[in-house]
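Chains here go by letter, A, B and C, matching the order in which they are written, and residues are numbered from 1 within each.
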Amino acid sequence: MLTTLRDLLKYDGRFRISFIFLVAVLVLALLSTVSPYNPGRTFLVPTDMPPSLEHPFGTSSRGQDIFWWMSFAVRNSLLLGLMTAAVSRVIAIFVGLTAGYRGGFADRILMSVNDSFVVMPVLPILILLSFLLRGSMNLVMLGVIMGLFGWPWDARLIRSQVLSLKERPFTRTAVYSGTTSFRITINEHLPFVLPVVFATTINNLIWAIGMEVTLSVLGLSDVTLPTIGTTIFWANQHQALVAGVWWWLAAPVFVAIILFLGLYLFFSSVNEYIDPRTRLRLMGG
Amino acid sequence: MALLEVQDLRAYYRTEIYGISRTVRAVDGISFELQKNEIYGIAGESSCGKTTLIKVVSGTIKRPLRVETGQVRYQFGDYAVDMQRINPDELRANVRWKEISYVMQGSMSVLNPVRRIIRTFEDIVGTHQGIPDRKSFLDETRAHVRILGLPTEVLDLYPHQLSGGMRQRVAIALATVFHPSLIIADEPTTALDVVVQRGVLQMLKEIQAESGNTVLLVTHDLAVHANVADRVGIMYAGRLAEEAPTEIIFNAPRHPYTQHLIGSLPMIGDRSSRASLSGTPPNLANPPSGCRFHPRCPYAVERCQREVPEMIILADRHRVACHLVEEGIL
Amino acid sequence: MSAKNKLLDVQHVTVEFHVGGLLGGTRLVAVNDVSFSIDSDRPEIYTLAGESGSGKTTLARMMLHDLDPTRGKVLFEGRDLTTVKKRGEVMDFMKKVQPVFQNPFETFSPLRRVEEYLYDTARSFIGARNRREAAPIVENALNQVGLSLDEVSRRYPHELSGGQIQRVAVARALIPQPRLILADEPVSMVDASLRMAIVNLFRKLRDEQQVSVLYITHDLATAYYISDRIAIMLRGYVVESGPVEAVLDRPLHPYTQLLKESVPQPRPTDRNAWAQHIDLGTLEIKEFGRIGCKFAGRCPHVMDICRQADPPDVEVDGRTVKCYLYLEDAKPVA
C-alpha cells in the first residue's frame, strides 16, 4: 500500500495535486474537533465581517465564523457521501455479481428491479421523501436513502463485466479445478470488477454530495446541521449576494470545487494505476 | 542492385512507467538484402522481433519504438529511399501502397468493417492516386479482382459477409492495386484453415511470378516457407541466426537452432520420435549475453557466452552466425 | 463389447443450433449423426480433425458436458452425460475428464498466479486440506510434464512462455488422475520449437499413465505423429475414420485427400504438387446448406447421386469412409 502511494506521488502529477486537495479538505474536516465555536449557536462573533486573519473565511449574517462552520460542514458532507457510497456499493456489487454469474431467472428479476430504479426520477422522489420525513431527517437517514438510489447504473456495469468474464477460458479452467461458483466470482472475477467499482465509488461520492447540496439549498434537509449545502441555504436566506456578503457563498463553493476536483483527479490517477492492463505493464507483461 | 538493404539495424522499445524503465531490444543488429523477383521468408517464433523488423522496414515506427542505429535503404528502379531520412509526406505520397504494401494477419486491419469492399478500394486508390474518372476506376478494379481469381461480387459485400480466407484474398487484391515493388506479408495465413491457406499462398505466389516483384513473407510456420519462399532468414531473439536458399535451410542447415527447428517438425508419413528444444525463448528486455541462443544450445562453449557471433558467409548466399560453425567444429 | 468397456461412447449424436432471431432464422446442424468410441481397457489418442466449421469444437464442448446433444447420446463409462446434474456427480465426472484449452494465455487469469489453480484442483479432487498437503501432489504433477514447483512458483501467466503454460495446464489436468484428457488445439498457439514437448507429453501420458487423449486439431502433421485413430470431419459429418496410418497414408475420401495435399510439408519432395492451383469455394458458408454430400461442390469425382442424399458409411481397407465412390467395393456399416 505504501509503495503504491509512493509510486503514485512520485510519478503522477494528477495524483500529487489531488493528494494536496484532498488532504487539505480532510484537515479542514478534522479541525472541526478543535473548533472554538459551536456551530449550533449563532451570534457568537460580529456579523458580516469580510475575510481577515482572525476570521479566514469571514463571518456570516448569523454571527458565525464561516471557517469553523465550514470545518463542520465539510465533515458532515464527507460523512454523508461516504455513507451513501458504502450503502450503494454493497448493493451494486451484490446485485451485479449475482445477476452476472447466475444468469437466468435471478438475472431477469434483479435487472427488472434495477431498471425500475434507473427510470425513477431521483430528485423529485428525494424531495418528496424529505417532505414526508421532515422531522426525522438526519444525516444518517439521508445517507441511507440516497444509497438506496445510487446503485442501479453501477450494478449493470458490474453485471456486464461479469458476463464477459464468464466467457473467458480461465473461468472454465476454474470450473474444472473444482472451484464453486461463489469462489469463482470472488477469486477470478472480482479482481477485474474492482477497478470498475472504484471508478463508480468516486462518481457516487460526487453525486451524493452534489445531491445533498441540492436538497439543502432547497431547504429540504436538516438546516440546523452544517453541511456544504446548508451553508449555501443560509447564505441565500440572508440574501448574502445582494447584501454584499459574497464570502459566505464563496467559501462553500470554493471548498466544494476543491473537494470535487480532488476526488476526480484522485479517481482518474488511481484508476489508471489499478487497471489490470497497467498492472500487467508494470509487472513486465 | 538490391531492392532493400538493411545494415546493422537496431530498434528498441523504451518505456518508462511509474519509475520503472525497460528497454526491449527487439531488433539488435540485423543486416540483410532483398533482391528483386524473389520471395524472402523470415521465420522465427513469437517475440523474436520479426514484427518490429517489419515495422521498421515498412516505415511505421511509433513511440515507444525507436531506431537506435542502422540503415534501411530502398532502391525502386531509379527512385532511392532512405527510410531514416524520408519525410512522412513523401512516404505517404510516393512509397506507401505504391512501392511497399502489406498484408497482415487478420484482414480487418485494412478492411473497414462498416464499408463495402469497393469503398475501401476507393479510399485507398483515392488517397494515393486520386480517382479522376469513376467509371474507369470501377472497370479497372473489377478487372484486377477478376484476374486474381476472385468473384467480382465480393466488391459489393461487407467484410463480415466473407469468410476469413476470402477476406485475406481481398486484402491481397488491395495490396497489389498499384503493383508495388515489395509486398510485406506478416503471418497472412496463420489463423486460416489449411486448404484456405494453400489457396491464399498460391495467390501470393502467382502474383509474384506474374509481376516479378518481391514478397517478404514473415511467419513462424516453417512448412509454409518450405513451399513458398526462395530464401529464408531464421530470426532468433532480435538477430539473424542463419540465412540461405530454401533447399539448403531445410536439407543442410548449419546453425544449431535451425537444425533443431527443422528436425522437430512433424511430417505425415513419419512417426519417428522428435524432440523439443529445452528452455524457453528469451525475454528481449533482458536477453542472454553473447550469442542469445547459448542457454539452449547443446553445443555451447564459453566463447558463446561472452562474444556475439558475427554473420559469416559460408557459401553463395548462405550466411550463419555461430562461433562453432566459424571455427569449423559444427 | 458391452457398454461398460467403453470409456467414451458417442452414439449417433446430432447437435443443432437455432441461428437468427426469434422470428425466422435457420437451423444450423453443427454435428450430424456422429458416432465413435474410445475403449476403456487400452488407452489411446483419438484425434478429431477438421477445419473451422467442421463441428469438432461443438463435439468437444458436448463431451465436456457444456451442452447437450439434440439427438443421440454421449455415454461416459456407461453413463449418459445428460443425467449428470448434481454437484457431486459433476465433480465425479470432472475428476475423470479434464480439458486442455487452445490459448495458453487465456487458460489462467492474468491476475492470479498459475500455481493457485493447481492447488485448487488438488484441494477439490484429491482431498488435500491445505497448501502443505497439496504441495507434493502439485510438485509431482509438474514433474510429470517436465517442470518443477520452483520454476513455476509465484509466477503470473505473462512471466511464462506459451509452451510452459500449456505444460502447466496439462499438469493441472493430471492432478485428479483423469482417465480422459480432452485437448482442444493445444499446440496451435504455441511456438514451433516448443510444440513437440507438449505433443510428446501426450504420448507419454498414454504409454506410462494409461490416460486416453481426445485430441482436437486441424494440424494433420501432429495428429499423424501421436494418434492411434483419427476421424476427419467436414461440416458436421465424419467423412473418414480409422487407424491414423491408414487414413493419412492412403486417404480414400476426396476431402481427406485434399486436406493431406494441402498440408505444407517441411521437406517438400515436390514443391509443385502443393503449388498446383486449387479453387477455393466462393462463399464457404453455402456448403452447410447443401443437400447430400457436403463436399459435392468441390469434389473432383462428384456424381449425380452425391447431390441427392447423404452418402452412407462404408468400410473399406480397414477404415470407414462416407462416400458413394466406394459403395460397390465393400459392405455398408450398420
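As a convention for this text, a residue touches a chain if its C-beta (ideal position, glycine included) is under 8 Å from a C-beta of that chain, and two chains touch if they have at least 3 such contacts.
It should be emphasised that the depicted structure is a prediction, and the values quoted were computed from it without experimental measurement.
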Tell me, please, which chain's centre (mean of its C-alpha atoms) is farthest from the centre of chain C? A
Higher-contact pair (C-beta pairs counted), A-B versus B-C: B-C
Whole-Å distance, chain A centre to chain B centre, using C-alpha means? 53
With chain centres taken as the means of their Cα atoms, state the distance from chain B to chain C in Å. 32
At which residue positions does chain A touch at least two other chains? 284
Where chain B touches two or more other chains simultaneously, the residues are none
Going by the contact rule at the top, pick out the chain A residues touching chain B in the complex. 7-8, 10-12, 273, 278, 281-282, 284
Which residues of chain C touch chain B once you look at their complex with the stated criterion? 51-52, 160-164, 191-200, 218-222, 224-225, 245, 248-249, 258-260, 262-268, 271, 274-275, 277-280, 282-285
Taking the touch rule as given, give the residues of chain C at its contact with chain A in the complex, in rising order. 91, 94, 98-99, 101-103, 106-112, 116-117, 120-121, 123-125, 156, 158-159, 169, 172-173
So in the complex, the part of chain A that touches chain C is made up of which residues? 168-170, 172-179, 187-188, 191-192, 276, 279-280, 283-285
So in the complex, the part of chain B that touches chain A is made up of which residues? 15, 17-20, 22, 285
